[in-house]
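Several structures are given next for inspection.
There are two complexes below, and they share chain A, which is joined by chain B in the first and by chain C in the second.
Showing the complex of A and B:
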C-alpha cells in the first residue's frame, strides 16, 4: 500500500449523489420486505395446508429461494425471464429477486413462530364463532409477528445488503450502482467503496432502530 | 335445548364416546363427572362442533350440529365454551379480549361492544383490569376473563371444560363462585368438573361418565348419596 495517496475529498464531494443512491437502496429493501412478508405468510400457510396443490408450490418456492444463490435469483429475474418474453427492468428484477429470496426465508421463520403458538388459541377463536381465516388473522398472525420479530429484522438487514447485487443486472441508481459508476470514472475504489460501506452500515443501523421503535409500539404485552 | 343422541366418537383406534344420550333443557345446569379419559371433555367439543362425530347426532335448538349445511360459526355464537387452559389472547388487553368476538363476529360497534364487555367483566369482578394484558393476571383472573369473553356473545348455553383444573387451589374458589352466580341467573350450563362439592351444590343433574359411556345420571343427592352403579360408587370413593 506504500505509494497509494488517499483522495478522500473526491469521495466526499460525491456524497450527495451517494445519498440519493442510498434512498433507492432503502426503497428497494423496504418494498422487498413488504412483498416478502406478505408472500411468506401465504407460503407458511400453504406449506402446512392439507391440500397437496397448495403444499407443493409453497415447498418448491422455499427450497429454491433458500438453496440457490441470491445472485442467481436476481439474474433469473432479469435475464432468465427474458427468454420467456418477460422483461423486467434492473430495478424491478432486483426487487423481484430479493422479494423472492425474502419470502423463502421468512416463510420458515413464520412457520416456526406459528408452531410456538398453542393450537388451543385457534380453537378458542373458532369457538367464539370466527371462521378459520378470521381467527388466523385476528389471533394467530399478530402473535406470529411478535415471536418472529427478531429473525425478521435479520432478514431486513440481509435485504438491504442484497440490494448491492443490483449492479450485476445493470442497476446504477442505487447506492452500489452509484458507487460503481463513480469508481469507474475515478478509479478511487477504496475511498468510494469505504464510504459506501459506511452508508450501508448507517442504513442498516437506522432501520434496526426504527424496527425497535415500531416493536415497542406494536408489542406492548 | 341440547339433544345428544347415541353419539359415538373415536380418535384413531381409541373409542372415546360409545353411544351417549343426554338432553339438556334451557335453564338447566348439568355437571359431568368421571375419571380422566372417560370422554367428558370430548363430548363438550362435539357439542359446539369443534370435533366431528362418527355416529349419532347432536341437535341444538333444532339445528343439527354436524349436518353438512349447518353454519357452525353462526351456531357457536349461541354456545359459549370455556376451556381448562383459559386460552386468553395474549396480544390483546382484557377489554379487547372480550370485545373481539362481539365486534368481529357479530359486527357490533366498538362502543356497544365495550359497554357489554365492561358489564360482563364487572360481573366476574375484573372491572379494574380492563386495560391490562392477560400476562399480568393470575390464573383465576384469566379464567374469569375467559368466562366474561364467552358471556359477551350472549350465548344461550355455556360449556365449561374443567375450568378449575389448571388453577392453584386457592384460586379455584373465585372461579367456582362465578359459575354459581351464572347458574343462579338461570344460564344453561354443562360443566365437566372434578369439583364434587360444586357438582353437588350447583347442578340440577349430575352425569357420571365411565369409559366412554354415561354410566349413571340423576339428581345430585341421588348420585352422591345413593349411587346405583358399582363404577359410580368406586369413582366417588376414590375422589373423596
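Showing the complex of A and C:
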C-alpha cells in the first residue's frame, strides 16, 4: 500500500464547506430540470407537429442532445458561444449545458408517455367543448407527467451527476468545484474526493427515495 | 466564422483523438459487458438477499459522478504505488461503470424470459446450462440488445471525461486546438460533428432493431 498516510481529519474539517457546495449542486440540478422539463414539453409537441418548420428544429435539438457528450454541450455553452460575443459564466454555462441535455432526453421520454395515452381522450375533451390547448393542458399533460415520472426521476439523478462537470469549465462553487479547490490547496485528492463521492451518493439516494415517496403520495387512486 | 486556420494536420490530430475515444470505449465496453453478463446472470439466479452486496457495490458506480470515480481511481492507484498509466486506469473505471449498467440490462432481459418457458426446457430434460445457453440467452438477447447499444453509445459519450486524467481524446484534442487557434465555435462544431457521426448511425440502428423485434412479438 505504498507509504501513504491517509489524512481524513482534514477532509472532515472541510465537510461544512462541501455541504454548501452540495447545496449549489442541488440548486443547479433542480433549475436545470425545471428548464429542461419546460423545453422538453415544447419539443415533444414540436416533434409531432404537422409543420415541418416546427418539426425540424425540435428533431435537431433532440438528436444533437442525445448524440454528443454532455461535456461537449457544456463546452459549447462556455467556449463556443464566445464566438458570437456571448460570454456565459461557468455557472450559467453549466446550467445551459445540462438543461439542453435534459430537454433532449426528456423530450423522448415525454413522447413515449404521450403515445401511451389513447387518442380518444383528446377527442373526448374536444367534444366537451375544450380548445386544443386546453384539452392538452388538462387531459394530456397530467397523464404524461404521471406515466413518465420514474424516467424523469432518473433524469434528475443524471442531472445531479452531470453537475460535477462544472469543474471542467472552472466552476468552483458546486460540490465538485469546492472539492477540487480544497484538493488544489492540500493535494489530499483521495480523501477529499472520497468524501465528495459519499455526498453525491447520499444526495442521489435521497432524491430517489424522495421521488418514490412523492410518487406514492401523488399517484394513488 | 468559416474562414478558418484549421489545417488538414489539425483535423488528423482530432481524428487521432477520436481514435483514442473509440479505443477507450472499446476496452470499456468489452470488459464491462463480460463482467456485466456474469454479474447479471449471477443476480438473476441467486436470491436478492444473497446478491445484496453485489447490488450495493454496482449501485455505487451508478450513483457517483464518473468524473469523481476517475479522479478517485487515479489517486488510489498512485497511493497504492501500482504505477498504472492513466489510459489503463480510465479503461478499468469505465469498464466497471459499464458493467454496473450492463448488469441491470442483463438481469432485466433474463427476467423478461417467461419462467414457464424455462420450466418447459428443464422438463424436456435440458440441463441448467443448456436452458441458459439455448433458451434464455437467445430470447434475452432480443430484449437486451437495444438497451445495450444505448449503453455503448452512452459510454462513448462519457469517455470524454477521461481527459481529466490527461488523456488526449477527441474533446481534449479540440481544446488544444482551440487554445492555439482561438476559434472555439468552429472547432467545437467539427468535434460535435465527429461525435454525432460516430453515434447517430448506431443509435438509429438500435431504435430500428427495437422496433422490428417488437413487431415480431
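Here, the second predicted complex is superposed on the first by the 221 of 221 C-alpha atoms of A that agree within 3 Å, B and C clash if a C-alpha of one lies under 4 Å from a C-alpha of the other, contacts with A are read in each partner's own complex, and residues count from 1 in each chain.
What we mean here is this: a contact is a pair of C-beta atoms (placed from the backbone, for glycine too) under 8 Å apart; a residue touches a chain by one contact, two chains touch by 3 or more.
Owing to the predicted nature of the structure, the values given are computational and were not obtained by experimental measurement.
When both complexes are superposed on chain A, chain B and chain C sit side by side without a clash.
Shared-chain residue A:204: touches chain C; no touch with chain B. Judged by the touch definition given at the top, the superposed model places A:127 against chain B, while chain C stays out of reach.
When both complexes are overlaid on chain A, the residue A:220 reaches chain B alone and has no touch with chain C. Number of chain A residues touched is higher for C, counting chain B against chain C.
Of the two partner chains, chain B is the only one that A:142 touches; chain C does not reach it.
Once the two complexes are overlaid on the shared chain, A:53 sits clear of chain B and of chain C alike. After the two structures are overlaid on chain A, the closest C-alpha atoms of chain B and chain C sit 25 Å apart.
Taken in their complex, chain C has these residues touching chain A: 1, 60, 63-69, 71-72, 75-76, 79-81, 153, 157-158, 160-161, 164, 171, 175, 178, 183-186, 188-189, 191-192, 195-196, 199-200, 203. Those residues of chain B whose C-beta lies close enough to touch chain A in the complex are 48, 50, 73-74, 76-77, 80-81, 83, 85, 87, 89-92, 100-101, 104-106, 133-135, 149-150, 153.
Those residues of chain A lying in contact with chain C across their complex are 1-2, 4, 63-64, 66-72, 75-76, 79-84, 157, 161-165, 167-168, 176, 189-190, 193-194, 196-197, 200-201, 204-205.
Across the complex, chain B is touched by residues 118, 120-121, 123-131, 134, 138-139, 142-143, 146, 219-221 of chain A.
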